[in-house]
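Below, subunit A partners subunit B and then partners subunit C, in two separate complexes.
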Partner chain A sequence: MKIEVTAGDGVSILRYKSERLDAHNSEVLKLKIKELFEGGAKNVLVDLAEVRFIDSSGLGALVSGFKNAVAYKGALALSGFQDQVRSMFELTRLNRVFDIYVSEEEALAALTGKK
Partner chain B sequence: MGKKVLKLDLKVPNQTRYLELVGRIGEDLARELKKKGEEAETLAQHLNVVLTEAMANAIRHAHEDDPDKTVQISISLSDEELLIRVYDHGPGFDFDAACAQDPEQLEEHGRGIYIIRCLMDTVVYRQTQDYNVLEMWKKLR
Partner chain C sequence: MTKKGNRVVGRPDSRYPDIPALDAYSREMATASKIQQSLLPDVPPAMRGVRMACRSIPAHVVGGDYYDFFRWDDSSLDLVIADVSGHNLGSALIMVETRSVLRAHAFRSGNAGDALAVLNELLYDDLSRTELFISMFYAKFSSETRLLTYANGGHNPPLLLRCGQPGYVELDADGMVLGVLKGVEFEEKNLLLREGDVLTFYTDGITESPNDSGELFGSERLYQALYAYRGAPPEEIIEGVLKRVHEFSGQKTLRDDVSLVVLKID
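What follows is the complex of A and B.
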């Protein structure tokens, strides 16, 4: 599993480069998001374009990220949902909690106010 | 249960690294059942999720991440329904409390059983003297 982080234009982008986000690897993502907010990031975008499978632990890692965003007065956005990821967010109604964008580009435009 | 078509018994180390393997078995089984099309893909995704959630639950909550333990999984398939059983040999977990969780509460944990109950038709957790078993049925017709 690989996580790529790039920072720029007021947004830290975290790209999760693996097909599965489950109980085996969600802790790494959770800690990485926390680390970004602790390090002073205000806007964090997690791109899940490569994820074709997420479970409740993966959702939990993102909920933890959302809570960190609130605690540090920042924002966490998500992008690049494949079908299974979208349906898991809908099933758990977490789609009502997160700001979700179709693509990284759309999310960046919204987060940087350059829409 | 109708005419028995297939039975699979798996014994998997109590380690999350095997979640993917078990989930894929569920996906392959769904594709074998439905052959092709959108319906097959939906069932494949659902079985992957259900097996992953049930096994992760046994690993984390019933077996407390002990890597030397084993999770036993049995998949029975008839022409009418699918039954997945996931056994654990620990103190078990509080099924009723897991069912009572409100998925809209922003908790980090506790969505696994809710998700399984959404995707399967009947879900029961039985505790016996020798083992505990999470039984999950899905009608196939």
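What follows is the complex of A and C.
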């Protein structure tokens, strides 16, 4: 599992490079998002384009990120959902909590436009 | 391993067969496992007009699955099934807290949607601190009128197989997993059940059980299993579903906690 972080244009992009986001690797993502907000980031985008499977621990890491975003008065957006990821967000209704974009490009256009 | 009611308890025994040789940590975890399993009902309460069965198997020593029955009288009960995110000791502790809150409040008079809304408010702070959330389905059933009212907090929708009809109905209602936002409203829906209907509540350990190529068991296979065993008593329906999940995943140990509650209307 690898996480790429790119900062620029007011948005920190976190690309999660693994097919699974579950109990075995969600902690790393959670800490990484927290670290970005603690470090002063206001807009964080997590791109999940490579993720084929997410479980409740993976969702938990993103919910934790959402709460950190609120606590630090920032925003957390998500992009690149594959089918199983999308259906998990729909099932739990977490799709109503996050700003979700089809792709990283679409997210960046929206987030930088918002500024 | 010992059998208690229709459920296997003392799960860690197979992993730690030599009890005296266990280190202190494993012994503590084995105790936690035993206590947690003892908090789940062995068997559903007996009620006129409906037969029920339940089963929960943690993936690890302890887990975050929970189900419960609150029998108010001969013909009415509340049924809850829930899944705390993760499947570790933290999830298990929150599962125990959820059970305590539910039992202390006893939502007899309120409706199912209000029960979830109240629980969300009561558990929100602890869930935020622990960075966990809960999916929960809350149902109220009267075997006298056969009316089922329900609300859903982002849990896998139970599957209803109507007697004599192919296909299935997923019981969903608008809501959200508990512990993410405050002030969430939960829609409540009603449904009239009929004689011979089979209603199955489950946690995602069933439908997300993967096979060797990463394909998930899914709700369609769950439906096929339920359809194949629909004529059997609820205990055998559960056995049948678990058998198919094991065959599909090809694994002895499941990756996630799995729980099932089956109701068959008489």
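By definition in this document, the second predicted complex is superposed on the first by the 113 of 115 C-alpha atoms of A that agree within 3 Å, B and C clash if a C-alpha of one lies under 4 Å from a C-alpha of the other, contacts with A are read in each partner's own complex, and residues count from 1 in each chain.
One rule holds for everything that comes next: a contact is a pair of C-beta atoms (placed from the backbone, for glycine too) under 8 Å apart; a residue touches a chain by one contact, two chains touch by 3 or more.
Please read these numbers as outputs of a predicted model, since none were measured by experiment.
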* To do: Determine, under the contact definition given at the top, whether A:Val63 touches first (subunit B), second (subunit C), both, or neither.
  => both
* What is the contact status of A:Ala109 with respect to subunit B (first) and subunit C (second): first, second, both, or neither? -> neither
* Asked: Of the two partner chains, subunit B (first) and subunit C (second), which one does A:Ser87 touch, if any: first, second, both, or neither?
  -> first
* Identify the partner contact of A:Val97: answer first if only subunit B is touched, second if only subunit C is, both if each is, neither if none is. => both
* Report for A:Phe53: first if it touches subunit B alone, second if subunit C alone, otherwise both or neither. => both
* What is the contact status of A:His24 with respect to subunit B (first) and subunit C (second): first, second, both, or neither? -> first
* Structure fact -> Interface residues of subunit A shared by subunit B and subunit C, listed 23, 53, 55-57, 59-60, 63-64, 66-67, 84, 91-93, 96-97
* Contact set on subunit B toward subunit A in their complex -> 16-17, 19-20, 23, 45, 48-49, 52-53, 56, 59-60, 103-104, 106-112, 114-115, 118-119
* Touch list for subunit C against partner subunit A, complex -> 64, 83-88, 128, 131-133, 135, 154-156, 174-177, 179-181, 204, 208, 210, 214, 216, 256
* To do: Flag every residue of subunit A that touches subunit B in the complex, lowest number first.
  => 20, 22-24, 53, 55-57, 59-61, 63-64, 66-67, 83-84, 87-88, 91-93, 96-97
* Hey, which residues of subunit A end up touching subunit C in the complex? -> 23, 30, 52-53, 55-57, 59-60, 63-64, 66-67, 84, 91-94, 96-97
